């Protein structure tokens, strides 16, 4: 069995770079007393095999909503209002995750898509031993015997630097960092194609945070797992991601290589974000930040949603929503990023 | 801080304190037991003074009742008053009476003679009624609990369905009704209008108590209405709290996570939701016992069921201190002990409960 | 207070159950407030509760003169119901108020002061909770002298305050270490000001629900006492009517209204308070509803 | 204006309880901590450390919200628990907090402006309503808020950043000598965080307020500048100028903290694996981390 | 499914005995006791059959006819000074364990009482008996300390029962305070078969060796006393023929049953209860206005006896003028002239003028004040709300209110009521007037000043704290007068007039407890036409009813 997992890793790595997940015009809304909150409103995004895609953006911009929707875990009062999520399996045709029946979906989950939820302090069932929770998922999605599966658990725990005896413990006997790592071990148990990690480091103390970040990077390298890592901490993206998607107000405003995002951000929002990160050492400069308020998902601003806070806002910005387009200007030899900003559109008077 | 089951406590500590720290289970049990004793003592003392401070001197009234028998010209007798005061532990001031009461209870385990059935001791009366009450209460409570748990879990699990919403609203409405209200309506409908069930007594008197199936059927037949009045409310309140728990648990991360793991719904329901659901309900069971006894008094009185509640009402009318206090003490003792047992054993069932 | 009214308005709009409950209870309150003119109307000038079988014979079936018939001594059952409802509500409100006040004070002292005071008060409350209250209630009500509506309410309140105290105390505990309380402290608020201006307003919903439950609980506890014939006073209320219907075998005589009228009124009273409770719960506990705004 | 000063003298805070069983029944959240804050020259002093190291406890002790188990806090040389009525009033006015959680700092029952009005009436700032309003508006402007966005609103109608800035406006209104800011930015987004920090540093200079800035984030501590105190497990392990301590950390604990921070630069990724043992959280063993001698800042 | 195999009929038996051989009597709630010791509490449960079928008395008084029937005894006589009473026993009498019933048993019983003052009833003898002797097995002689023409009343069952006599061979050497005497050894035609506490049921079985079998042989093999269910259910039991005597019916139900087509019902509503309902006043001097007899009359004028008699009692009845039941036998105590002079009428105007006369004037708000304080009375009653006495009290409170006196009414339960009464902590009682069992002298004893104790102390006689010298003197005088002496009538009339003048107890109406019998299994019940003995099933005299019953032949 362990062999077949390695085999899987090799298969997956051989397909690196091809697209794994294509999100098209995804809309996730919440029903509220004051009308629908359009938390995710028309997101387009592609995830490539083997990469770590970082999703950044300030609190409330819809990051968690997006990730839960990817696994179809959206809970009432939320609902998926439209779009497609095409998943390209190793074998066979791409499937639209949003069209799967309950049973089909159940099979895809964990085998193909695993998930590390935000605040994974409470993701473990308090009344079951760690071992049992591993077995539940392993026996469900493969045809190993219980014996074989049990044998694999110490190995999986070892991968996240946990001792084998942890398998016999109950969740409350573990510290937060340990729980996080147990969840992580569970997420890699079946060597799924894609792992979605929502804020994997946020609640952790600094040095545990470092350990987890390094572990994620390591897992990708060794298992060839594709990952989506959501966090608002830009430094983590700098440390971990291959590409970064920046979300603002329920939409992706810029996607690009991590270096490009940090060195040459295109969208004014991304720029402001990058310019708000204090650094240790060197001369202290006064950073600018972003003035103004985060808009409400019940009532996004018209046109470009960033325009009320944008230092470069033009009249067109409030009228017309810019599309997410490739920006080829000032590339400095990096991959062309996608950005939705009138600074780079014809409507904005920037004909490229 | 991490608490590992396997990791030894390596800090050198001294004395009993350290020993207790090293044996948290025993330390917990001792602490819990002390708390139990203190609450028990407190509650018993509270009721003792409560009853003794009620206006109305039973002995004067009592002697009067004896005198009324006399047709002609009976005078008061100081001897009589004195004698009965000592018999009933009513001589001396309140504090002496209290000491006497505690001594009697703790050392002799004796409640003293009843007024209701003098000179028979109150225990005898209580013990005579107790089996009926326990039979009625224990069965209907347990049955309500199990049924409520199962149905509650179901309506919690299917909470989006119309039927489940209806059921839960119905439960909310029913769960707060007083027992006797249900009893009244049941008697009106099932006993008076339809004549399906008898509305009084515990069994058909034509039978002698025995293990005869006919007698047992008769007991069941007579117990149905009182049990139903307790259960209608019991089941719906357990359903309600189970549903609430279920809904809370369904919102927990570990359930979302279980779903993300692609487990079969049945497995999620049983291993993830239910397992977490019934444990807190065991604690709940202990807590409700107290109020069940309250309602039981009324139900038994309404159905002339020969249990503790019925006895209590009669004892009250005679101001039979010993019996009244015996019953109340028994109820307090029962509730507290049930809670103690549950508290001591629950951690064995529920890994989450740490002994602190 | 503007916010309070606004919240009430939002509540009213957001739940049909709350609306239904409020309408029923308002109707009852209006009937209770107008009980004097209503009974006068029922009696066509006479006192419909006066006992004189030469004027109003006993055990009449419902008729044009007496919509719900008359009882054993010729009193009008509809008038009895109106008066009974009034008395029941009055007892409920007084008992609810007393128990809420006691419960709230105990809860605030215990929860806010903490330490040994809290330990003592909480143990005391817990003891009250394990003592079977109904038996004590029976005894107390049987032997209390000079009973009137107020004393009954007081007796009932003695046994219902611990519930309010317990729930409110836990809320106080959770609120008292809130940063805004600490901010108030560093702004030189004293304890009383903190309790009344910082904590109390946020606990109003709890206090309100506690009041409603205590009031309803007291109404029903009293009716319970009376049903088994141990009511502490002769005040004509709904429970006494139920007791009479049993004692006098009203059903055999075809005088079902003596039983049915109080049962229906109590049932509606109960239903209305619970509808409001359910409605509130649904509005405030979003997990319990399918979609927001249900 | 005369110089004022807050001094912590061997302050120790011990928590007892069953929950501390694994620690032998008691837990020293703050362990023999001494340092001074002086109003002249006004400066920012950052207090950094891991979660649970005792930072908030120190803040609460300084604010008089918690009485230390031993040691004392003095204000201008007088124990804060022994102040006369007048002195106490002055102390209260001079030492004001900014708390961590922007969500629970406002009583949800009241409009946001209430915190200004109560502060003004309690500290007897203005006689008339009109003047008061003018002052409030001035303070709001000082923190880049438009009065119409804030006044007459309920807290839930404001964003986290706005709320934290309202707290700053309150400080502006009161002009205390000392601000005790307990993790004021940890719940804010990066962009808003910078705005807040800018205002805070401006205040220090403009109004001469000495700020005790508590944070677990070394980069923000660096950003605000001034002095720094590093605390671990209730003990001060290192202190000094921010540049000195964070660029050339001398203590292994500080070094460990620094090395754990991801650097916001994709070209400067960690090359080696963390040197820390992985199994236990409470590593960075304290055995060799001895408390430094009484630091004076 | 609920019927036992032994009962083949459709109707389930409510007893474990064959229905056709059983007399089933429902009772209001009682406790099942396990002691038949009549000298300590609970041995005297009068509604469980003990006094009706198991125990017998020396003499029985039939109030309906005014006759005294000798039973265990044959006769009594006094010496002329009324200082010695001789009782002659029936030589046939035997205990139900076969031992003869003799004078030694009486001597033993009374001696036990004399020696144990804490025993119930001891005070009926200690102050009076100087000496006792039993010249032979059938003769007992009591020598009294003072003349007493009524000492024999102790041995005549008037209301319910009289002095219990216990068997020496059972009791001697036992501690009378803990002796249970269970099953009771008495002389009656039935023995205790068993008690079923869970059913609150006593089953009495015929004693085949009953001493008086030749002359008195009741037909039912079993007599069952049980606690009946609620009224509505009891009606059902009655209609199914499961019970012979209901406990809770009133006339309306009986009529409803009869009109509903059930013919096996006998309704008897002629027998007067010996106690008219009344209003009794705490006349203690410290009670101010209440101690004034004019106030008593004022209250009397506020009682609308006619309306009450028609409305509140279990059936329509008649107003009372005398403080005793209107038995034919009581005719000899009445005096038309005095009664007409002191007519008890409803006249609120008179009441008001009496109040004015006493100085209880109404203030501007209509409320009357007395000596500067507003007048306020608490009426108490031992009967639950809705019961006749309660309703009477309520009416009185209303009427008092109308003349400007605030009055509240409160029901007190069992011991609490007794306590209030004994300690004098009440103003007015709405209850009943009892006392005249054999002659009014017994009643007036309650007004003797020598029994007066102040409020707060237990009173056993004169609980109403009456301190009327004239009435008291006459009462004392009557104590020493033989009521059967024709010369006594004048004193009785004087006492009656003194009573009316003081009016401490105010009669309201005569009372009748209608009784109902089922003829499905037993016939021969007393009827209105043939009321041959007291029909109340909780009285000792009920034995004679049982003796007359015949099986209905089913």
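Structure notes:
We call the chains A, B, C, D and E, going by the order they appear; numbering starts again at 1 in every chain.
As a convention for this text, contacts are C-beta pairs under 8 Å (C-beta built on N, C-alpha and C of every residue); 3 or more make two chains touch, one makes a residue touch a chain.
Computed from a predicted structure; not experimentally measured.
Where touching is counted per the definition, the chains common to subunit A and subunit C are B, D.
Hopping across touching chains, the smallest step count from subunit A to subunit E is 2.
Highest C-beta contact pair count among chain pairs: B-E. Farthest from subunit C, judged by the mean position of CA atoms in each chain, is A.
Centres computed as Cα averages put subunit B at a distance of 53 Å from subunit D.
Between the Cα centres of subunit C and subunit D there is a gap of 49 Å. Separating the CA-averaged centres of subunit C and subunit E is a span of 43 Å. For the pair subunit A and subunit D, the distance between mean C-alpha positions equals 33 Å. Those residues of subunit A in touch with two or more other chains are numbered 76, 175, 178.
Annotation for subunit D: residues 280-281 touch two or more other chains.
Multi-chain contact residues of subunit E (touching two or more other chains) are listed as 230, 232, 413, 416.
Residues 123-124, 126-136, 138-140, 142-145, 216, 220-221, 223-224, 227-228, 230, 242, 251, 259, 263, 266-267, 270-271, 274, 277-278, 281, 287-288, 290 of subunit C are the ones touching subunit B in the complex. The residues of subunit C lying in touch with subunit D in their complex are 3, 178-180, 182-189, 198, 201-202. Within the complex formed with subunit E, the subunit B residues making contact are 55-58, 60-67, 69-77, 79-84, 87, 115-120, 128, 132, 191-192, 195, 198-209, 214, 217-218, 221, 304, 306, 314, 316-319. Note for the complex: subunit A touches subunit D at residues 58-59, 161-163, 175-178, 205-211, 213-214, 232-236, 238-240, 258-259, 262-263, 272-274, 276-281, 284, 286-291, 293-294. Of all residues in subunit E, only 230-232, 234-235, 248-250, 252-253, 256, 307-308, 310-312, 378, 384-386, 390-391, 394-395, 408-411, 413, 416 touch subunit C in the complex they form.
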